Each structure stands twice: as structure tokens, then as C-alpha cells.
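Note that subunit A is present in both complexes that follow, paired respectively with subunit B and with subunit C.
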Partner chain A sequence: MRRAALAALLSHWRRQPLQLFTLLAGLALATALWSAVQAINGEARRSYDSAAATLGISGYASLTDPAGPIPIATYAALRRGGWTVTPVVEGRVLRGEIRLNVVGVEPLTAPDGLLPVGLGSETGAAPLDVLRPPGLGFVAPETADDLAGIADLPRLITDPAIPPGRMFTDVGTADALLGKAGTIDRLLILPDQPANRPPLETLAPGLTEVPPQDQGDIARLTDSFHLNLTAFGLLSFAVGLFIVHGAIGLAFEQRRPMFRTLRALGLPARTLLGLLLGEVMLLALLAGGIGIGLGYLIAGALLPDVAATLRGLYGAQVRGVLAFDPLWALAGLGIAQLGALIAAAHGLETVRRMPLLASAQPRAWATVSARALRRQALAGAALVAAGVAVALLADGLIAGFALLGGLLLGAALILPRLLAAALGLGARLARGPLAQWFWADTRQQLPGLSLALMSLMLALATNIGVSTMVSSFRLTFTGWLDQRLVSDLYVTARSEEDARALRAWLAPRSDAVLPIWKVDTPLQGAPGEVYGIVDHRVYRDLWPLLNATPDTWPAVYENRGALVNEQLARREDLSPGDTLSLGGGWEMPVAGVYSDYGNPIGQAVVGLPALLDRHPDVSKLRYGILTSDPTTLRRALVEDYGLPEANLIDHGRLKATSLQIFERTFTVTGALNVLTLSVAGFAILTALLTLSTMRLPQLAPIWALGLTRRRLARLEILRTLALAALTFVVALPVGLLLAWCLLAVVNVEAFGWRLPMFVFPLQWAALLGLSLVAAAIAAALPTRKLASTAPSQFLKVFADER
Partner chain B sequence: MRIEATGLTKTYTTGDGRLPVLTDVSLALAPGETLALTGESGSGKSTLLHLLATLDTPDAGSIHLDGTEITSLDDAGRAAVRRDRIGLVFQQFNLIPSLTVSGNLDFQARLAGRHDPAWSATLAKRLGLADLLDRYPEQLSGGQQQRVAVGRALAVRPSVVLADEPTGNLDESTAATVLGLILELVAETGASLLLVTHSEHLAGRLGRRVHLSGGRLS
Partner chain C sequence: MNAKSSAVALFSLLPMLAGPAVSQGFAGLGTDAEGFSRPSLGTDLSFPKDHGAHPDFRIEWWYLTANLSASDGRDYGIQWTLFRSAVAPETGTPTEGWQSPQIWMGHAGLTTPDAHFSAERLARGGIGQAGVLAAPFEAWIDDWRMAATGDGADEFDALSLTASGPDFSYDLTLTATGPLVPHGDAGYSVKSPQGQASYYYSQPFYEIAGHLSLPDGDVEVTGHGWLDREWSSQPLSETQDGWDWISLHFDGGAKLMGFRLRDREGAPFTSATWIDPDGTPTPYGNGALTLTPLEETETSAATVPTVWQVEMPGRDLDVRLEAINPQAWMATSFPYWEGPVRVTGSHPGRGYLEMTGYGD
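Let's look at the complex of A and B:
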């Protein structure tokens, strides 16, 4: 019985291959986009874990000094007191164009496995070479390739387990590379501590203990980025589910007569329901498999850009190659099953409650009364209000996303009511009979198209919102780069001695030599960096200050104030006049706040004398040079002075590199944007195809009354275009609100900076054009079918043979 | 002659082969004449009506409407004939669900550019629809819906009204009322009427009657 019933149920799909394609494609697309995002997130997390686990650092509690680096004496006191701690020196150095994260550990006191030991006959290095100059540096193979030919580095040993861009080495070697002057950044607390050791407060009162879990800085920093991606994935998944819901709903409606017959022939309702559920699961399995394959391809294509984004924004190193994870594939199949169940729930419930003697005629599918539209709009308004309330009452990224979610979903629910009102107005204002019928009939099609139009609105609003954000960011960022990159040429000396010689050589050949000297030091107790600047008009004239007073620059140059970057100011709620802790008991009033896009950590700028006073041993290798002829000076630096090409970078190249990082940052967002819009276009196509099967009885009387099929087809295209245009009109303000939320709420929470919002009407016009083209393409197939429908098909309507 | 059909032949191709539906059917209808077309199910009544209404084209034969040959017209030409000169009434009413009673009544007349508000108002009153003008088809009974369909067909002041079992879905009393209205109004407009029906009783109320059997007129 079950087999026969299942064969009967499945025969529907044989007769409706297009419907089957719609269902599978919708679910596969939804699964693909969701799985792609999950694959990208998973790969990134694996990289973070690998970064933390290679040294095992995340597994240890550590001691840090909120005031600054830990002196050797403190370390010695702790060791003498019985504390088994081991020092870690870490920081970033620039070698050529490579930003290298250096981590130094002490091989003799570090526990086993803390330092990678890829030593052996194939490397030609002995264990003691770690301690002997020039030391050994353990890096990933690709990092070794990048660093090839660069002097002033330890001997490189490759280890594929090390994340790219990172070097592990001995503390002594790290100290020399980073210019730490014998200080320690933190002390790892090893597991076996003597029970009777003196308390920390006695031996080193300035130090604080940081539990192991608090050290996953990169993972925490990048959470916001991954949350962004996840939100996009979820949005695409929801849009895809609209398609699946439409296809399953129609398939259930069309089979009502079959359900009744099966029931009448003795199939229990429970069995029928079970078979339908099995059918849905089977289809979901098939679509899920296709979706996973597609998702893997999409993720593989996007991952290099995601890796570049994470590197550019957070300095996080993520491999650009995707690994296949069976768990991920299983999760993808699971989400496909869950999505199909959600989409089929309403249909299954209808079948469960359908009386045996219910009408075998399919009801007007997806018919929604005006009252239901009102209720839906009210629910939408409530969602928007809830989102706003959460944003007002709570802080953080989750609150920002709650606002976005409430706004988007609420607007989508309100959309059909707004469209109905607009179409009603159109019908009232229309003069000719055909125009009146057109508007009234369009309004009648609204329930069947509303899901597709809602998905189109979501895609359009997201597109407008994200494009506005990215374009605002680009405009601000480009202007900011011009302000911030004040020098024409940037040079890095090979050593302190070379730096002195370079300064002397440059003095008569340039307009100014601006030191770019900085120390890594805690700012308000969190990792940060402090730069010292000389008194020069370029800073006063060009630096992008967000919050300043007339006394800002005098305060900096007279060493009585510090500038802080926006991230630090927002995080610590700092404004001019507040006191800033710069580590080691050094405090200064905040003199102003400057924008600092793309920097993950807090930064302060003080007068150079103040920096030298506190940190006389600061590395003095980097300089910005002002010159009227950077090309000639660059050539002279290489040919006459003998500075390696890799130690030079000009303004244009630096700007181009920065912009390149910026563009790659948003490549993924752009790609997901286009994919979501494509899915929405597909949703319209499927909805129109679905409706086209029911259009014949509605259009046949109009044809009979004297309208040609061709003209009816033209009106059908026009109807779709009108709906797409009206949807765009609603999506525009929603998208702009979304952009505002992204710029003013989410970006501030995620990155720590706020951007001004600009509007780009030409982009809107382009998007309107694109959405009309998408709608026209979606309408083309069903319309072509209508135009070529044989008159005999129309006649069947009158003969009641359908 | 208002309508003159000569030698109409129509064959459908089915899974079992070719199925002749009409064979050499000739028929004429004078101005103002009312003609009942009867016949058993499957005798070709509806097919003949569809051919006369230009909804379908014959395999052979010709149809003249007011002296104009209409079977050789293209799609647009046939649509214009339907719009301007023919009033159609179907068994299933086939009203436009998205328009009100008023919109449905005026629809064809306005399409044809011959909307006459006074005539529409008269029709609405005579058909008992004056109080229902703002309602939608789904809010009407079967008899009311058919009266709207009759009004829509007559509002354009057609040369000929073609009605396919217009009372087939109505009870006896309502059917008699609707037919009475059709006959009255057709007589007033001077249109010809061809009415397809199963009912001998209703057929008897028309001026002339022809019987179709096995695709041939008798």
C-alpha cells in the first residue's frame, strides 16, 4: 500500500518537472549560500585555533603588567620565589612589505611542545642553533617564500603547522627583532606550580593574572566579521526558503484531489502524512547534496578574499585554501532538511487537518484576505518596533543585528500591505477599462507573488544598504588616506647605525624627514601602540581629526597631551581632557581624537620628545620623507645610498596597497550581495511560473472579450515590472535605514569606528535598472508560454474541462 | 444575414486518433432572430459556438458576420470582432474576479470604446443589479453572476449574442428569469441570439431551434 501510494505521490513530480526543478534549485541555493558561509567561518576558526595552538599559548594562564612591559628583574624575582613561569616576547615588525608577527619564547624554561621543533637532518640545524646568533625562526612555508632575500632575520626553518605571517623564535632573537630592550610582554604560568610559593602580590604586585580563555584575541576580534557573514548567509537562506515554500505549497495544493482519492481508497491519514514527510526529506537530501557541492565551490572562490580581508582588518592570518570537513557537509545536509521542514510545515499541517470529504478542487492557492494582509503588516510593524527597542535598551553587536533583523523582516512583512494600497490607488486613478483591470488584477495576484516580492525587497534593501555603506566607506577612506599618508616616500633603515646615516644623507636632499617611531605598550591596560611625531605643518594641516579643540596641536607639541585613535576613544569613552594611561605609569590628557580606519588596536600619538623621554630605546628605523620629487629621491636612495628596494615604499604604492586591501575587504560582501539578488530573481521566476498555471482561467475571459494573447503577454510583463518597481520604492528607504544601522551601529560595534553616510542616487538608478531587468527575465518564460498558449487551452476554461 | 456559416468542419486530434466534431455544418441567423441550438453531450454544440464566436477556427468552411468573412482574419482581427460585435455568455459566467459588478458590466463596452453610461445603468436596473454594483463576483449568487455576464455581453450592443448553456448552472426558476431577461434585452437591442441549451423547455421559448447530432445539423 505504502509503495503504491508513494509512487502515486511521486508521479506528480514526473508530470511537473519544472516545479521539481524549482524546489530543488531553491533549496540547493539556500543550502549552498549558508554552507559557503559556514565553510568560510570554519576555515577561519581552524586558522585561529592553529595560530593559538601551535605554541600552546592559549592553554596557559599568563601574567601581564597593565602598565607596560615586564622588567627582567620581575621575572627573576618570580622564578626565585618558586613560580614556574616562562617569558614571551611578541610584536609586529615590518620587513619589506611583509608584516611579521614575531613570538619569542624561552626554550629552556618553556614546556615541551611550546616551540615547534622541526629540526633534523633535513634542515641542517641543531637544537642549540636556536640560542646561537643569528638564531632560528620558525615560519610557514609561504611566509618563508615571502621573506626570501630579506636581511636582518634569523635563519628560517619552515613548519606547515605554523600560521602564515607568524614567526616563532627564541626570546633573545625576538627581543632583537622587535627592539624590546630586554623587557618581557607576558609570563606564561606553567601547570605545575609549587603549593607553598609566595603570593603574586608579594613578589610582583603590578602584575595581573589573565586566564587562558581571555587570550583568543584574534578570534574575539574577528567575531564581528564572522557574525556579518553569518547574517548574510542566514538572509540568503531565508530568501531561498521563500522559493521552497512556494514550490511545496503549490505541489500540495495541486495534489489535493490525489490526497482525497488516496484517503478514500483506504490510506490512513497518518500514513499519508508520513509519506509526504518522507518525500520532503528525500528531496531535501538531494537538494542538500547539490547545495553542499555548490557551497564548497562558492566558499573556495570567496576564501582568498576573506583571508585578505581578515589580514587587512585584523592582522589575522587565515589560509586561503579550503579543506573539506565531513562535519560541515553533514551540517549542510541537516540545514537543508530543517529548511525543507520549515517550508513544508504549513502544507503538512493542511493535509493533516484536511477532512476526507474536502473539496478536491485546489483552492485559490496562497489567497490572502485583506484582513490577513493587515495582520501581517501589524506583525511587521511590531517587529520593527521590537528591533528599535532592543537597539535602544541594549548595546553590542547583537543589539545592532537585532535592529537590522527587525527592520528587514518587519519591512518585508509590511510590504504586501503597502503594495496593495499602491495598487488600489492605481486602480482608482486609472481611466481606461484595461488600466483598471490591470491594477485590480495585479492586486489580486499579490498574495501569490508576495513571498517572492518580499524576498526581492530583502535583497534590494540589503543591496542598497551594503552598497551605501561600502561606497560611503570608500569615499571616506580615500579622503582619509590622502590626509593620513602625509609623506611622499617611506623608508626603513637596516639598523640603528644605518638610520643615523640615512637621516644625515636625507637632510639636504629632502624637504623634511619625519620619524615614524613607535612602541608597543598598553593603552588603558589593553594592547596598543604609541607613535611620536615631530612638529611639522603637515600634521596640523592634514591629519584627520574627529574631535579637537583649539589647543589640540599645541598640547601635542608641548608634550602635554596625546591624540588617540577613534577605536580607543570609543572603547574607553575618551574625549579631549580625559586622562590616558600609556603604560608604565605614564599618563597624559587626551588632546584630540583622529580617525584610523583599518587598525584593529588602540593607538596614541604624542610629541616625539615625550616618547623619547619615556622610551629612549625606541626603534628609530622608519621615516616618512617629504619631497617635491619622490621618483628622483627614490632612485638616489637605491643607487647612491644603497638602500634595498624592499626598504622603500612611496605614497602612491602605499595608497594603492591600502585601497587594494579595502576593495578585497568588500569583495565577499559584494559577491554575497549579487548572489542574494540572484536568488530573489529566481524566487520571482518560480512564483510567476507557479502563478502562470493558474492564470489561464483569469485571462481567458479577457481574451474572449477581445484582447490578443500577445497583448495579454505584454501586460503580464508590465505587471511584473510594475511590481518590481513598486517593491524598489519600498526597498529604498529600508535600504537607507539599513545603511545607517550598519554605519552608525554595527560598524561602531564591530570595528570601533563610525563613518559619515553619503547617498549615491546613481547607484539606486543602476539597481532599479538591474531589478527591472531581473524581473523582466523572470517574467519572460511564463509570458512566452502565455503568448504561445493555443486557443484550445483558453477554450477549455469555457468548456469547464480544466 | 447576420451570421452565415457554410460547410463548417472541425476535427480534433486526440490520443486515439482524429475525432471529427463538426462535419459540413451550415447555419444562418437573421438580424433579431433567436435560435436555440440543442444536442446531446459531445454533439459539437460548444465547438460550433466557439467557431461562430471566433474563439476557434474551422478546418474547413466559412463564416460571415454582417457580410464580412471572419474565419480568415488574423488573431488581432478576430479579437476585434469579438470585442466589437459579439456578446458572449458562458455557463461558468467567467466574470473577472478582480473587478466589481460595475467594472464587469462596463468592461467589454469600454474595451470597444462604446461605453454608454445610460445604457449601462438601464441594464443594471433591468437585470436587478443596481444595488450590487460595488460588489465583487465572489459576493454574488450564481443567478446574480449570470445576470452580470448577460449585462456585460449586452452593454457593448453587439450584433449577435452567443450564449453557451447560460442557465446550465442555475436552478429552474432562476434559469427562467435569466432567459427571460436575455430575450427581452436582445429584442430591445435588435441583436441576434444563438443559445446553446440542453433544455427542451428553454429551447421552446426561442424563435427557432436546430438540433446537432454527431457533428451534423438536423
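Let's look at the complex of A and C:
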């Protein structure tokens, strides 16, 4: 009996392959998008973890000799004294046309993360070859191509993780290439130093300790990026569930006669329910499997862009290849099961409560009464209110997400009521019977389409919200880069005398030399830093202030006010006019607040004379240089002045790379946007297909009254477009609200700074166009069917007893 | 495989520690071996010169093990090893600077009845980070050091010894109460029927005192130590895939060194030196000593025999060795088992056991 019942139930899918496809595709798509986002986030998080564990060279504190290179004997003395340090030699060498940036590390003492990978059977190089002449040089594939055929180089091994133009090699090989004659440029101080090591002054008095370059700054920005991805995954999943809900609901409705027959034949309701549950889970397993495969492909396709972003921006070696994680796959299957159960819950509940002798007539998406619509809208309003209440009453990221969830779901629930109202208005304004029929019939179809339209609304709102956030982020980030990288070149002098010489040397060769002098000092009692700046128009022109008065810049330059960063201002509730304590009894009024994305600690900027007055011994080694020709100046600094490459940073190039990488990041977001919208379009197609089979009885009389099939089809398309456009009108404010939530609530909760919101009407227009196209495509298939329906089919409606 | 593995691959070529896959895997080194010196029968050992390094040979080590006990009778064992390995043969004046073909590796171990600590250091030669000087004797890598204190006729007669790891350290003084002991034929020790050999001598008569630092606190200890010196250029024969080595201090004052080289395709090759209390050695060739595993222990990385029966009919020796801590696995770049043992049976005492080639 059970077997026969199962066979009968499953036979439905054989007769309705399109429905089966819809169900599987919807669930698979939902699972795929969710899993892809999870895989990307997971891979990125693994990269962060390993990046945190294996810092690049700049991530280690190091020892340098301000007077020049370090002799090997000093290195040996430090090691013998118990200091775990490892040598680095670096420099540039000209080979053919190529200026090769050579970095030599000592493989026996370097931490694993510092060493290039790439030795393996496929390269044919034995590990020992690293230490044996001619040595091995690890370079990017493009660098290897550039260097092909050039003699006097170690054997090249390619490793895509290495930046172009750079060669990693053994310290001995680098020494020979660069002619270092047994000297070391710096010694990296490894973590886990023994507690009782002798002090540096005893072992190597000439060396000074240089703190690691802070890598946390921009890395924190990525949190926002991942938040954005996660939100996408979640919403895509929700949108996918609407499709599944539709398909399962339809299948349940269509099988009502079968359920009745099976029950009449003696199948207990409990068994029927169990079989249906098993069926849903089986389908979910199948769809989940497909979804995971698809998700893996999507993530694999998108990951290189994400990896490039992380690598380029943060210098972290990120694998561009996705590792398959069985746990991840299991989670994907689980979420597919969960989604299918949620989507099927309503259908299963109906079956459970169905009386034995219920009508076998399909209710066919029973008309939802105005009362039900109102109830749904009220529930939506309650959800929105609950989200707002949580956000108002509680702090933290969870509250931010509660607000987001409440807003989106609530808006989706209210949508049908709003659409009904709009259609009612249309009907009242309609002139002529055809127009009246059009509005009335559209309204009559609303219950059947409302789920699909809700998913379209969610997709559109997400799209607007996320792209607004991303674009605002991009604008802000560009501004932030301009602010932070005002100078064209950054140099660090080797000593105070060197700094004086450098300033004198630079004066006739550059537009301006801006000191970057700072002290670490408590701000309002918490760790912070104070920078001194000179009066130069670049600051006035480029630093975007969040909170300023006309007196802000004059106050700073006349040493009677300080700028503070946003984090400090938010934490300490500071605004212009308040008094800022800069440590050691030093106090100054706040003159303005500037944005400082990603920086975890408080920062203040004062006029240089004020800083020197308080801290005359501030380190005067770092300078920013303004010049119209950074390339030439850079070369001259290295070749004519003799400044080591390591003391020079060309931030113009860094900025260009950062922006280029961010553009690539946005293509990821763009791809996900398109995918979400496709899912929504698919939902509309499903709903329209479902309706089209049932609408014949409603269309036949209109046809009989003289409306041609072609005209009817055009009206159907128009109807779908009208509904999509109306949905867009509702989605727009919801999306903007969503963006505002992301920027002003979630970001502030998560990172302590607020991204300003910018609006992009052109993007909306493009999105409206896109959604109309999606709706038109979704409507095309059912409409074609309608236009080509044989007149006899229409006539049958009148012949058959309905 | 990263560059650090190069050191691993390099040192896995040490004959005592070679696994079969490794000794065959790096064919390039087989040809290099021809540039190195080889041990030859009839060469006299000369001191203090031979306490120092022999850069013309491929591999070499200074290997100290000690059975120690605290005043409460608790047993401890320590190991201090400095390995030298040459990437290329070096004759004449040693190369200074990064280009030196010498690589050094230090291993330190500390075993208690219920814990085992180990640490490893790597350094390249030619730069002063690690090395060995014959007179005054000093062997070091980073801040680990074994050096003559200046007492006694031989450089090895009185030594100080330090090493540390993240969670342990020791600081010991060693005083020899007997002479240096050559193994095999006046220091020429044969390792296989095919004739692979090394130069091998020991100072097995150390009285030791000092202190150990452990996570639970410091412990004052005393005991016996055994220093091995060995150098060679020839790996094991291709079918030898591991080694079981023992050094035993019997309560009667006599000592025994023995090893068994396991052969994939035939009987193991054994060798032994019986050392009288006055230091007179009697070498025994293949077959005189039998080492029989009795019980195995599953360690973190491999299953190894930790209870052994040791028999030498020519000496009426029949003893049972039992590891003081069966988990004395050295989790170093190339892993092996090394730890103190209790000796019971015909000749009770204490000693050290080393087993290689059981892991991967």
C-alpha cells in the first residue's frame, strides 16, 4: 500500500516535468547562491586566519641599523644570544629591461608563511636547489616571461601569489645578485621570543627596533564587504524559497483528488503525510546536491576576483582556488532541506487538516479576500515595527540585522495590499469596459502572482540597497584614499641627519615636502596617535570633514584646534568646540571631525608647530612628497640620492591598484545582483505559467466578445509589466531604507564608523529597465502559449461544464 | 613543498635516520657523494682535532644522551644533538658567508615519566650562527651550547651543556670519569654487509649534575651521560629502512653500545661494543647481539616497540629494556623516537633507546 501510494504520488512529477524542474531549479538556485556566498566567505576567512598566522615581511617587527646595513656577525650574535630573528636582504637589480625587486630570505630560520610555495615535482626542482648555486628565484608567471632568456639569474620558479616584478629567493642568492657582500638590510623579529633574552643594547647596540606595519587598517574594511555578501546570500535564499513554495503549493493543490482517492482507499492520513514529507526531503536532497555543485562553480568563478582584492589590498597571500570543504557541502544540503520544509510547511499543514471527503476541485490559488490581504499587511507592518523596535532598544550587530530582516520581510508582506490599492485606483480611473476589465482582472490575478511579486520586490530592494551601499562605499573609499594618500611619494629617512639632507635635496626637486611626524599618546585616556601637519592647500582641498565649521582649518593652522577621527568622535562623543585631552596635560578644542575608515584607534591632527612645541623629540624621519613626476623623482631618489627602495612608497601607484582592485570587487557584487534578479524573474515565470493553465475560463468570454488572441496576449504582457513597475515603485524606498540601514546602522554597530550615503538615480533607471525586461521575458512564454491557443480550446470552455 | 622542507629532506639523508623513500628519492645527491671523503679502515682518530667538524664528509653529529634522576628518585632523560650536513663537498678552508655549503641542525629533548618535550633549531654554516670548534671545544647552534670548561686532559673531559625549547630548558655540567671509546675497528664502524661505514667514537663515562626547567618548576638532577661522535658520507644501503640503537649503563660499571639496522629484504645488521668499567672496548660484528621487540606503543605519529629483549650470549647478557616514557616521540622535522629506558635482567641498569624509520 505504502509503495503503491508513493508511486502514485511520484507519478505526478512524471506528468508535470516542468513543475518538477521549477521546484528543483528553484531550490537548487537558492542553495547554490547561499552556498557560494558561504564558500567565498569561508575561503576568505581562512585566508585572513592564515594571513594573521603568517604575516608578510612587513607584518613583523624588525631590527634595522640607521647607519647602514647590518653585518652577518651581528645576526649571529643575536641568534647566539637567544633572539629568534631572521635576515632579509632586499634591493633592485637591472636585468635587460627589467628592474627586478629582489627579496632574499633565509629559509632555515624564516617562518613558514614567509617562504614562497611552488617547489614540487611538477617544477622538477629539488628543495635543496634553493641553497645550491645558481639557486632558485620565485617570481610571478608574467615576470618569468619578461625574464626569459636573460642570463645571470637563478633558476626561475613561478608562483602566481608573488607580485609582478618581485623575486623571492634565498638570502645567499640575493646577496650575490645584489652585491651585498655579506650584509643584511633588516632582521625580522619572530613572535615567541624567549622571555629571558638579553637586551638588544647588549648584543647589538647600533640596531633599532621598527614596529610592524599595521595591517589591521584596511583589513577591517573587508568585514563590510563580507557582510554585504552574506546579506546577498540570505536574500537570494529567501527569494529562491518563494519559488519552491509556489511549486510545492501548486503540486499539493493539483494532487488533491489523488490525496482524496488514496485516503478513501484506506491510506492513513499520518502515512500520507509521512510519504509527502519523505518526497519533499528526497527532492530537497536532489536539489541540494545540484545546488552545492552549482554553488561550488559560482564560488569558484567569483573567488579569483575576491582573492585578487584581498591580495592586492592587504598583501595577504590568498588562494584563488576554492578548497572543497565537506562540512560546507553538508551545511548546503541541510539548508536545502530546511528551505524545502519551510516552503512545504503550508502544503503539509493543509493536507493534515484536509477532511476525508473534501472537494477534489483544485482551489487553484483561492482568491484571497480583502480581509486576508489586510491581515497580511498588518503582519508586515508589525514586522517592520518589531525590527525598528529592536534596533531602537538594543545595540549591536544582531539588532542591526533584526532591523534589516524586519524591514525586508515586512515590506514584502505589505506589498500585495499596496499593489491591490494601486490597482483599485487604476480601476477607478479606468475609462471604457476593456480598461476596467484589465484592472479588475489584474487585481483578480494578484493573489496568484503575489508570492512571485514579493520575491521580485525583495530582489529589487536588495539590489537597490546593496548597490547603493557599494557605490557609496566606493565614493567614500576613493575620497579616503585621496585623503590618506595626499602625497605622491612617501619616504622614510635613515636618520635625522639623513632627513635633513633629504629635505635639502628634495626642496628644489619637488613641489612640497610634507612632514609626517606623529607621536603615540593617549587621547581622552585611551591609546591614540597625534599627527602634526603643515599648512598646505592639499589638506584643505582633499580632506573630507564629517563635522566642520568655517573656522576648522584656520584653527588647526593657528594651533588653537585639533581634528579628530570619526572613531574617536563617536566613542567620546566629541564635536567641534569640545575639549580634547592629548595626554600629558595637553588639551585643545576639537576643530573638526574627519572620516578614517578602518582605523581601530583614535587619532588627532594638529598643526605641526603645536606638536613640536609639546613633543620636540618627535621622530622626524617620514615625509610625503608632492611632485608632478613621481616616477622620475623616485628613480632619482634611489639612483642619485641613494635612498634604499624599502624606504620609498609610491602611493600614487598603490592608489591606482587599490581602485582597480575595488572595481573588480564590484564586478563580484554585480554578478550576484544579476543572479538574484534572475531568480526573481524565474519566480515570476513559474507563477505566470501556473496561472496561464487556469486562466482559460476567464479569458474565453473576453475572446468570445471579440478581442483577438494577439490583443489578449499584448494585454497579458502589459499586465505583467505594470505589476513589475508597481513592484519597483514599492521596492525603491525599501531598497534605499535598506541601504541606509546597512550604512548608518549595521556599519556603525559593526565598525564604529558611518559611511555617508549617496544616491544614484541612473542605477535605479537601469534596474527598472532590467526588472521590466526580466518580467517581459518571464511573461513571454505563457503569452506565446496564449496567442497560439487554438480557438477550439477557447470554445471548449463554453462546451465543458465548469 | 617549501624551502624549509629542504632542510628536512637534507637531514633525512643522514644514514642513521634515512627512510628508503628518501634515500632513493633524491638521486642528485647520490652523485654528489662522490665528491665527499669516505671513511677508510686503518685511519687513526686524532684528538682534539676529531672532536671538531669534518666538512669534507657529508654528515656528522655530536650526540649526547643522559639518564638523570632527581633527589626524589624520579627519572628524567635529556638529549642534545647537533647535526652537520653538507650540501656540497668542502675541502680546504671552510667557506665563509651565505655561500657555505654547510647546514646545521640542533635537536633537544627532555623526557619525564609522563611528558616529553622536544625542540629543533636550524642554521646555515659559514656565518657563525652554528658550528663546532675542536679546541677549546665548543659546539653551538643559536643559544644552545656544549662547550669545554677547561678541566681535564681531553677537551671532552669537562663540558657545560645548555638548550631550551618553548616549554623547557636545561643547564648541566658533565665530567668524564673514563676514557674516549672507539667503536668497530679502532673507530671504523661498519654499517652494512655491503661495507657502508662511519667513523664512530664515544665518551660514555659522564657524571652529570645540573638543573632542568619544566613547566611545573625547576628540578636539580644528577646522573650518567653518553656522548657519541660520528661522521660519514655514505647513506644506508638502499634496503635498510631504519635503525634501533641503544646505549646502556649497567650498575656494575660496564657499558654497552649496540645497534640493529633493519633491512627490508633480509636479516637485520647488528653491531655492538662492550665497554669494560675501565673503558676497554670489545667490538662485536654482525649477529653477536640480538634485539627483539616485545611490546609496541602507539605514539602520536607511529607505532614503535618500547619494550625490548637484548641478548648477547658471548657476554651472558639477557636483559629487558623498558621505556621510562613510551611516548618519547621527537616531533621534529624528521621524526623519530628517543628516550631513556630502564634495564632489568642479568645486567640491571639504565640507558637510552633511539628508533628511526618507524614514522613516515
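As a working rule, the second predicted complex is superposed on the first by the 440 of 802 C-alpha atoms of A that agree within 3 Å, B and C clash if a C-alpha of one lies under 4 Å from a C-alpha of the other, contacts with A are read in each partner's own complex, and residues count from 1 in each chain.
Convention: a contact is a pair of C-beta atoms (placed from the backbone, for glycine too) under 8 Å apart; a residue touches a chain by one contact, two chains touch by 3 or more.
Predicted model, so just to flag it, every value in this text is computed and none were measured.
Once the two complexes are overlaid on the shared chain, A:D170 sits against subunit C while remaining clear of subunit B. In the superposed pair of complexes, A:T109 makes contact with subunit C only, with no contact to subunit B. In the superposition on chain A, A:L393 makes contact with neither subunit B nor subunit C. By the touch criterion defined above, A:G182 reaches subunit C but does not reach subunit B. Of the two partner chains, subunit B is the only one touched by A:R443; subunit C is not.
In the complex of the two chains, the subunit A residues touching subunit B come out as 432-434, 436-437, 440-441, 443-444, 698, 700-710, 791-792, 794-795, 797-800. Against subunit A, the residues of subunit C that register as touching in their complex are 1-10, 26, 28-29, 87-88, 96-99, 101, 103, 122-124, 127-129, 140, 142-143, 164, 166.
Taken together, the subunit A residues at the contact with subunit C in this complex read 72-73, 75-77, 79-82, 84, 106-110, 112, 115-117, 119-120, 126-128, 130-133, 170-172, 175-176, 182, 192, 194. Interface of subunit B with subunit A (complex): residues 46, 50, 53, 55-57, 75-76, 79-84, 88, 90-92, 94-99, 103, 106-108, 110-112, 115, 152, 164.
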